[in-house]
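One structure, as structure tokens, below. Some questions next.
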Amino acid sequence: MPETLIKVDLATSPYENERIHNRWHPDIPMACWVEPGDDFRVETYDWTGGQIKNDDDAADVRDVDLNQVHFLSGPIGVKGAEPGDLLVVDILDIGAVENSLWGFNGFFSKNNGGGFLTEHFPEAQKSIWDFHGMFTSSRHVPGVKYAGLIHPGLIGCLPDRKMLEAWNAREKALFDTDPERVPALATLPNGDETAHMGKLKGEARDKAAAEGARTVPPREHGGNCDIKDLSRGSKIYFPVYVDGAGLSMGDLHFSQGDGEITFCGAIEMAGWLHIKVSLLKGGMAKYGIRNPIFRPSPITPRYDDYLIFEGISVDEAGKQHYLDVHIAYRQACLNAIEYLTKFGYSRAQAYAILGTAPVQGHISGVVDIPNACATLWLPTDIFEFDIMPGSDGPTKFLDGSVSVPLAPDL
Amino acid sequence: MPETLIKVDLATSPYENERIHNRWHPDIPMACWVEPGDDFRVETYDWTGGQIKNDDDAADVRDVDLNQVHFLSGPIGVKGAEPGDLLVVDILDIGAVENSLWGFNGFFSKNNGGGFLTEHFPEAQKSIWDFHGMFTSSRHVPGVKYAGLIHPGLIGCLPDRKMLEAWNAREKALFDTDPERVPALATLPNGDETAHMGKLKGEARDKAAAEGARTVPPREHGGNCDIKDLSRGSKIYFPVYVDGAGLSMGDLHFSQGDGEITFCGAIEMAGWLHIKVSLLKGGMAKYGIRNPIFRPSPITPRYDDYLIFEGISVDEAGKQHYLDVHIAYRQACLNAIEYLTKFGYSRAQAYAILGTAPVQGHISGVVDIPNACATLWLPTDIFEFDIMPGSDGPTKFLDGSVSVPLAPDL
Amino acid sequence: MPETLIKVDLATSPYENERIHNRWHPDIPMACWVEPGDDFRVETYDWTGGQIKNDDDAADVRDVDLNQVHFLSGPIGVKGAEPGDLLVVDILDIGAVENSLWGFNGFFSKNNGGGFLTEHFPEAQKSIWDFHGMFTSSRHVPGVKYAGLIHPGLIGCLPDRKMLEAWNAREKALFDTDPERVPALATLPNGDETAHMGKLKGEARDKAAAEGARTVPPREHGGNCDIKDLSRGSKIYFPVYVDGAGLSMGDLHFSQGDGEITFCGAIEMAGWLHIKVSLLKGGMAKYGIRNPIFRPSPITPRYDDYLIFEGISVDEAGKQHYLDVHIAYRQACLNAIEYLTKFGYSRAQAYAILGTAPVQGHISGVVDIPNACATLWLPTDIFEFDIMPGSDGPTKFLDGSVSVPLAPDL
Amino acid sequence: MPETLIKVDLATSPYENERIHNRWHPDIPMACWVEPGDDFRVETYDWTGGQIKNDDDAADVRDVDLNQVHFLSGPIGVKGAEPGDLLVVDILDIGAVENSLWGFNGFFSKNNGGGFLTEHFPEAQKSIWDFHGMFTSSRHVPGVKYAGLIHPGLIGCLPDRKMLEAWNAREKALFDTDPERVPALATLPNGDETAHMGKLKGEARDKAAAEGARTVPPREHGGNCDIKDLSRGSKIYFPVYVDGAGLSMGDLHFSQGDGEITFCGAIEMAGWLHIKVSLLKGGMAKYGIRNPIFRPSPITPRYDDYLIFEGISVDEAGKQHYLDVHIAYRQACLNAIEYLTKFGYSRAQAYAILGTAPVQGHISGVVDIPNACATLWLPTDIFEFDIMPGSDGPTKFLDGSVSVPLAPDL
């Protein structure tokens, strides 16, 4: 058994665990140290630190405190790592917690987080997904079963001070263009009590908390990329900015589609990673690396029969946008949702499928002025019935008796 | 041998061929009629109608007349097709012209077309790709060879008048927000002599030409989607808007990456399609179809070992954008280009590879405010050498003696 | 267009074409010469030289003259090739003849050729398969459609005298153990008029014909391997035994299952190959090569959802055999045939599917005394209906109105 | 957490565990009962019950007591199962024991078990494979790493009395043809103390032990099929012969090649399965099922770039055999072993790779009289270096300093 370097007790608050943090800052002390070549296990909370329960009430999704996210395990110091190196991480395996074999997916309220289709799903909803060995299914979304494409939504190394300052400056500049917007244009550092700075205490903690970047966006170091293909078995090359690298990780997903379009978001779970670390000295300059690169896993679910939906950058109101892939992908997703309703799914169930199944989202065309074209690839083998079009019309396999719990805004 | 319904003589101008057109308009007469269930062949010009030559001079790319594009073969009338139906198209095969076994890829001048990375490659460049059976390689881009993922960049049915008007209105509204922009925000109808309206002649031709939508953007009917996976062997369900459907196609590509980021664009070629058509009556309403949907081919090149590059929506100047997938994908592409230079490629060669090889572009994260995350999947098996990172540093396999012809703006 | 080095006129007898031969002998003169690095096309007859017709009568299969097979195109001399080299062959493409877009599959009479299941199908039967672009279907076997996995059943270099003598000696030794057996244990050289020795004439021809090895079995040089995966796009390394190598090929198949269990056998067709040749000097010793090795194509049909049937080495009479994979595979095939009858197929149709579709045959266990275990992998996506087992029992999709023509022995 | 119905303590003898057995007999009492639809875990010994140790001495492989194998967990009774039903088993997951993350591979002495290449490797050898999350590597076989294709080598239902008698009769008939042969032609029932009949005790135990079929060969019920693709995630349909079905399983493999050619055999391990059972009533007759059928897992290692070796049914002495796939596959394996020595592997290391890596063994041609053709598919991505042929000759990546422990016969 590999050693578990960071342990997590789901019954206690992540704030009580000094090997957890929820902000990015170079002053956060290493939670532990390893040698290049070591392999070890790391346990993690779910990204909310246990705020969401395995029940049929979406009130917890509606009322989630997003100032707390994401609870990360780390930072792990790697001896000999120096700025400019690449930290090579082999994800040898990932799993759920043995006595907690379930995950959640949700849509945040537009007033508290929102999401990709928040205009269409403005209120909080939640679905619970049970794990059956390598597979998952949901009591709230019948007719689908997937093999897990298990991955960390968030993983990366500590920034140095210069990078942190660049992050904070550019995000504040964007935020300031529309400070009242809901959802906010960016989540800026806040020095309040929700910041968990690991072992850092007292004045040093307060100073770092006031500067510490939020964990929400992906950035140069990787971070919250939510790339479904960065799954167990993959090999990742991370830029190193500080001595010791300071690798942190969390936000495990049992399965997710490209875009993580439901925001809350994938099938979120607590769990553990088994990883191995090594160094590629001076790798950033040698290979011209600015953001992480990676090689995907040789073991991923083989769902390769697809029904593909197209979307273009004309929005729901018919307005033409210029090569906007975000809008094009939204249209492709809305097209797929509409299609799935013909087989008996509610729109919320269809949206939950797109957020949790290993759907692919491709940037298919970005030069044919003025329309971007995006495609959503829906794997057909995840359904218990045939969803291909046919001359005998769509069959309503579902009778609508099951729904995704909704918690209206208060 | 299936019958060839539309023939093309590459030695004569497409304007002399009445079964060719280059605008979308419901008044364009059917070039020919078929029955549901028929299969047949259709020949096509390359998208520019022969403007680009198999030589080592990019002047033709620089000087291309984009008012002419795209030359389409059709419209083909399908008996019994009515508005609201789905036209089911099986692409049984696609090939190049036997005595023209080559294609071209290019970057347009920023002043005449531009492209995805036009700020980085503002001048015209061109690479020629030779076809060797199912494979292609280029005398201008050494060290790579791909199996063709042959597909039509452009295929779809005629719009009805109402849809045409919607297109023209929304695109003009966008154009009018910045009419002087280069490249233009949209290419609007122009009634000049470059419009080829098929069999339509005289006054009727002039009227339709003045209204006919340009073929550049993808739209609800499909059209210029440039989806690499809509390849030979795929089955596509197209919305029908007019009696007879009016299916047209062209802009064949021997190979292309997601996004067609070089704009001129894929490996462009003249060739033929062998297709079969059938009808799914009333299918648009039955299945809730607004844009085409399709099932990909069972025969596509198996390039499934990837090196994946990430990009986030912070632009080259360090400016933060809000969930902008277009910018994120641009960063991922620039990261890949930078990486490939370490192995000896020029930046133009690396860009040409990303435009022509079956790279994937995924919308990996679009909810983690404010950064979108896009990934570029570079298939490693297309290279004659190993491009994975290693502790012994990158090897310059290429000596720089070969380059991509460039034609400076005059 | 690559040059066509060997042309074939399907309307004339292969015996009139000096670039065709149907025996292996080192004295057969090269039909033509090429340089290493050349690519070119080669046309071929179907393996029987046109004996089987596109009709609904199996009499031609029953009456086939097997002394004539296989008609090969070649030998092609490669300048500089010497014994001990490896001849590297890239199969760039393969196709059918444009005005002959069909192929045949058959079961030989037990009295004239037999086959893998000849005890179960002792009389001649034939099915015709039409090619629709990259796909094939049969008017005699409804409900299935496959993408072609096109390959040469037979390809290899000329043996030298020593190897030829070894072949003849060992095969005669086997034949002599039961000379009266029907089908024969081996097909030995016969110097009669059915031998086609290419350009070789007169006394030299007669002498070589009397010694020339039949083309039926695969041998050290490759030859009639009938390996479905040696398909277009693959790269093969052939042992070279004579100066110039002398590469010959033929017996094209549009599609075939592992084992080619119907013997007549795959979907047999006339057609052409586009290949490239190069040399790996001294490669046999360097790499320890005795039989050809190859790398499969990056473009093959993606039929990867299978229903798998097991078979063990207990024969139909219940007799136990010792680790006999041949018998185990026969049981797996018989199990699959029985299964398919539950969906409405006749046994002959089911057998034709196993012979022509890209089924896999795996040697699953060969050490668990006394039973070998073989598995037959039946791709489920080739069927127009669902063939998985289910609680609602098998549905007879076919009404038995279509059958495979049978020609009783006279 | 699913309930663990059968627990195993690796520190105690399997003979002390009443939920274990090592013979097939209808009188063995059910170890436990479940309902259709239940999912649960089952722990297993390794097939030898712990006889082989994690060390560098092959004496334990040489001296193994094969009368004891295989120790199976079960039989599990499924309520409502009746003869003629199909028992549907979903393998939801399989894993190793947490404090025993290693497995073994070995070649038995020709005098005690033998194996596929026992004439070439007549003495006992052993390699130990460590598990690193989803991957394995060996201190005795450098340069390779695989993702696990974890599967039970042995799984199936209890025979009824009639089937048991048929097994015993046919195997004895074979055995009697050469009773002195080493290795034996078949392993017959022996009533001695090595038989473990589960809960059955006293006279009843002795009677059943004297009749109980050995677990070595695969048979109609499945049993010791050693099919690598019957891996976690697959769905299997087993014939039911007795009331309650009586499902037993064991002989877990972390990874194995087609044929399990090393006999001792795969990477053998102790571990657990998480399975779900359900019934397809009357399924044997409905679907014509005689042997199990199955659908492979959607999650298997993607090793799909292969170097393929051919073999024909001419044996090492040059003797011609008639369509003998066993011999043809042996030649393909020997060819691959010879090839791998060129890169620095010992023959024993190469043999261990073929036995443990996910190599495929295909029955490529079985009708081309007199030679069968078999192919061995060696996945190239399991090697840390490039094993493709090239003009610069093979490189000896290994220096021969590491070897596979050998224990000479005493």
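What to note about this one:
Just so it is clear, A, B, C and D label the chains in written order, and each chain counts residues from 1 on its own.
One rule holds for everything that comes next: contacts are C-beta pairs under 8 Å (C-beta built on N, C-alpha and C of every residue); 3 or more make two chains touch, one makes a residue touch a chain.
On a predicted model such as this, the values are computed, not experimentally measured, just so you know.
Ranking all chains by how far their C-alpha centres lie from the centre of subunit B, first place goes to D. Chain pairs A-B and A-C differ in how many C-beta pairs are in contact, and the one with more is A-B. Measuring from the averaged C-alpha position of subunit A to that of subunit C gives a distance of 51 Å.
Computed centre separation for the pair subunit A/subunit D is 40 angstrom, with centres defined by C-alpha atoms. Centroids of subunit A and subunit B (each the mean of its C-alpha atoms) stand 32 Å apart. Shared interface positions of subunit A, i.e. residues touching 2 or more other chains, are given as 302, 305, 381.
Contact residues of subunit A toward subunit B in the complex are 86, 115-116, 166, 170-171, 173-174, 183-187, 216-220, 222, 224-229, 237, 258-263, 265, 280-281, 283, 286-296, 305-312, 314, 318-326, 329, 331-332, 335, 338-339, 341-342, 360-375, 388-391, 393-394.
Within the complex formed with subunit A, the residues of subunit D that make contact are 1, 39, 91-93, 98-99, 101, 132-135, 147, 232-233, 274, 276, 297-303, 381.
By the touch rule above, subunit A contacts subunit C in their complex via residues 302, 304-305, 381, 386.
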